[in-house]
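Shared between the two complexes below is chain A, which pairs with chain B and chain C, respectively.
Moving on to the complex of A and B:
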């Protein structure tokens, strides 16, 4: 049994890779890829008549495999299926770091899941509040209710848009420019930032179109996403490269944080670094850049 | 648990195992075939018997076709087959109890 540390609500989540919970042969190597989070799937990747078998596999995969620093999230079946309650029991009993709520459309959906999670935590002697939640918004209704969904529970660490189902509802197809989803992505991002949680983009399903994948990822970064959902290990490295800060950004951030701490110790609130005004408002962003830089192996200092 | 009817769990894909359980009356009859029989045959047998013991299965014919499954996969397949044979695989599984 590999005990997992208490999940962190806010951590680096640039990449979140889907894996079929039915296939421990794949899962056992997950940490090698260097992905930030893995998403073990009980939903669409598992055939309807194998939902039971997938849970037994998942339980042992959670309990026996050492994932190291890789976060382990489980995507459960929708609330309109007969599966989600047992899915939650197995996630909590197995000690998953978090649960992804599929097809989430309202704050009530989050509360329904949260109630079942809390009951499972009590049943299996897990610390109440340990299991984190995230929601996948897959419909126009989900997007319109993004704010209330994000704010529904202190367990919520993020929201993700799910392109396949969303485009189906909107009667659109993926476009190179991203115009088909720009409004939905933007609305979800604003809601997530208003509440102060993370926001993740959908998967890119054409594995042969790396250029399209890279362009979409660049747009994700420019729009303000924290990370992207992936379906294949070969998509990990490009995302990490695109989300990495530049060396100049890292140096600037380091200077700012150091100068701010020194200034604050002397009772100074606003000052300049390389000719640019800096005050407390810049510091969380600079610290985030340093954390990102550390994860990318670009910063080895002790400021974060 | 009592094996009430035949049930199967798992596939013949690489790194998996297919486990079939059938009702029987005189203890456990275990048949194993594996692509790694020489190296891991004993380990596979021990894991299957240990899992059946934890589920308190006293009688049954158990057939394992192993394709290089990890121990945790093997356990999951045996457990699922037994729970399916009793029609109890869908809910209220004793996670952390008989399943561990």
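Moving on to the complex of A and C:
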């Protein structure tokens, strides 16, 4: 048994790579590619008559493979299927860091899952509250209820839009400009930020169109997403590069955090750095920049 | 006696001046007496050297029992010629006590295994040994230990007279009636004939076997009529589908691509990566894909590759055509793109195996090489590489140019996945040392990069470039933690193969494997 550290609700999640939980060859060492989170899929990637086999594969992977610092999340089957309860028991028993609720449409969906997770935690002797949750919004109703979904549980660390199903509902196709989903993305982002949780964009499925992928990822960053769902390791590096802060941003953040901590030790609340006013409100953002810089290999200091 | 890579070499092999491996460049500066062949004079003008059959050609050159026959491996796994000639010599002429000195042997030559078991073929000297030949030799059925040499070690041994070729058989995609041979223009094209060149120059007799007779003179000739005794035309010298693949494709496997990208990163971090640098890579997944990523770094820095050598395939030809590399010098071709380009695309030249890799000559290309990217079956914590024996101890590989390029290059990078199935690629002790660890500089795996501690300069390059690296021991431990610790192989005393270092010293031996009992 590989003991996994207690999952962190807020951590770096620039990239979440989907992989079929049924394929041992894929999941045995998915962490080598340097992705922030891997998303082991029990839902759409697994054929209806293979759900049980996939759960076995998943359980043994979670129990025997040392994923190290890579977060391990599992996408479970929808609440309208006969699979989700057993999916949750396997995730909790195996010690997954988090569960992604597919096709989430309401706060009640989150609560339903949370109840089953808690029951499984008690059943398998796992610390209650350990297993994190995130929700995938895949329908117009899900988007309209984004705020209540985000706020439904203290286990919730983030919310993601799922482009395939959402576009089907909206009768649209992917566009180069992203206009087909700009409203939904925006509404979801506002809801997530209002509650203070993270927000992730959907997958880009055309693996040969790296230019389109890069453009979409740039837009994601500009809109304020924390990260993106991926389907192939070759998509990892471009996302990490795009989400990396600039050197100037890193230097500024380092100055701010250092100055703030020195000032705070002397009982000073507001001060200036390079002529700009800085107070406590700037610090979480600056610390986030430094964490990101550290993950990108741009910062080696000890402030974060 | 223990050699410089810690292998115990039996004393009985150390006679006639043979020494154990002493470390890189041990023979530097010593003198070599070249061994000249004894050849027949053809003063009286002859219209043609065509003879009716291989048997007739063998008779004409005086083939006898006990002789050494040489072959090249440009027809790779599609070759028909080794089997045809051995059948004629052994079954039709009744010869025995034969030594086969081939530049490489593969599954295409499985029928030879039978002649080994019958005791008709008593010696094998080759770079590659695979398939049934590997199995029967490993089972101890060859009368004398097989001698395994690198591609550079072979021309060295031939020139030094350590192997004397009585009859060289040159399979030729095209030849004219007096034996000017080329690797192109026929129906079984292989491009370069680099491995045949030294053999033809140093053999007492040379027989050309072709399936496409062309008008005289077949120029520019790779093997020249001045060295040829007889020409035989047969229906087919090989299966074109197995001689050269349609086109070597760059892998789409994400693991290969990740390793390839890291190889390129390592290359770009060294001082040798500058305008005019030189490069060789293999055709394996991650080695070939390194081309792709290297090109990106070249574009970024605005530099071009000066020259590339080796076995050549399409992606390198593509770079030549785009002007990203100045010259391609080619000892062997792996795909039709390369076959169709050699001596056709400006800057794409042919070279002999000696010119490519012979460490005893005065200007082998490998000794001018900046970078080489190579694969490995196994690599141990001393950076010794095995590309010859499988995890069961059976001969099933080829040193090829591996030891030559590793020793000659300024930066030798091994790229390999940490494990293959249940086998740990990075291990404590390789089964057989084919490339000594003092010639290997960097290991790139899917689980991390390790630099040979003998190269603190390269460690600094990686550190300065922010490329994370770990110890090779930690990679080996990771591999064993994933797939378990392998049991030691069990051997009998009998030596079945001697592995020569490129300089002719003995690097390792392969013993008869005890049959596996479960």
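Note that in this section the second predicted complex is superposed on the first by the 304 of 304 C-alpha atoms of A that agree within 3 Å, B and C clash if a C-alpha of one lies under 4 Å from a C-alpha of the other, contacts with A are read in each partner's own complex, and residues count from 1 in each chain.
Everything that follows uses one rule, which is that a residue touches a chain if its C-beta (ideal position, glycine included) is under 8 Å from a C-beta of that chain, and two chains touch if they have at least 3 such contacts.
As the structure is a prediction and not an experimental result, all values here were calculated from the model.
Peer 1: Which term applies to chain B and chain C once both are placed on chain A by superposition, clash or fit?
Peer 2: When both complexes are placed onto chain A, chain B and chain C end up side by side without any clash.
Peer 1: Where does A:219 make contact in the superposed view: on chain B (first), on chain C (second), on both, or on neither?
Peer 2: In the superposition, A:219 touches no partner, neither chain B nor chain C.
Peer 1: Using the superposition on chain A described above, determine whether A:85 touches chain B (first), chain C (second), both, or neither.
Peer 2: Touch partner of A:85: chain B, not chain C.
Peer 1: Which partner, chain B or chain C, touches the larger number of chain A residues?
Peer 2: Of chain B and chain C, more residues of chain A lie in contact with B.
Peer 1: For A:106, decide between first (touching chain B), second (touching chain C), both and neither.
Peer 2: The answer is neither, since A:106 touches no partner chain.
Peer 1: Mind computing the angle chain B to chain A to chain C from the CA centres, in steps of 10 degrees?
Peer 2: In the superposed arrangement it comes to 60 degrees.
Peer 1: Is A:124 touching the first partner chain B, the second partner chain C, both, or neither of them?
Peer 2: The answer is first: A:124 touches chain B but not chain C.
Peer 1: Does the superposition put A:29 against chain B (first), chain C (second), both, or neither?
Peer 2: second
Peer 1: Once chain A of both complexes is superposed, is A:60 in touch with chain B (first), chain C (second), both, or neither?
Peer 2: Touch status of A:60: first partner only.
Peer 1: How far apart, in Å, are the nearest Cα atoms of chain B and chain C after the overlay?
Peer 2: 6
Peer 1: For chain A, give the residues common to its interface with chain B and its interface with chain C.
Peer 2: none
Peer 1: If you look only at chain B, which of its residues touch chain A in the complex?
Peer 2: 9-10, 13-16, 69-73, 75-77, 79-80, 83-84, 89-93, 95-96, 99-100
Peer 1: For chain C, which residues are in contact with chain A within the complex?
Peer 2: Counting only chain C, the residues touching chain A are 254-255, 257-258, 261, 446-447, 466, 482.
Peer 1: Please output the residues of chain A touching chain C within their complex, sorted ascending.
Peer 2: Going through chain A, the ones touching chain C are 29, 32-33, 232-234, 237, 297.
Peer 1: Report the residues of chain A in contact with chain B in the complex, numbered from low to high.
Peer 2: Spelled out, the residues of chain A in touch with chain B are 23-26, 28, 51-53, 55-57, 59-61, 63-65, 82, 85-86, 89-90, 93-94, 124.
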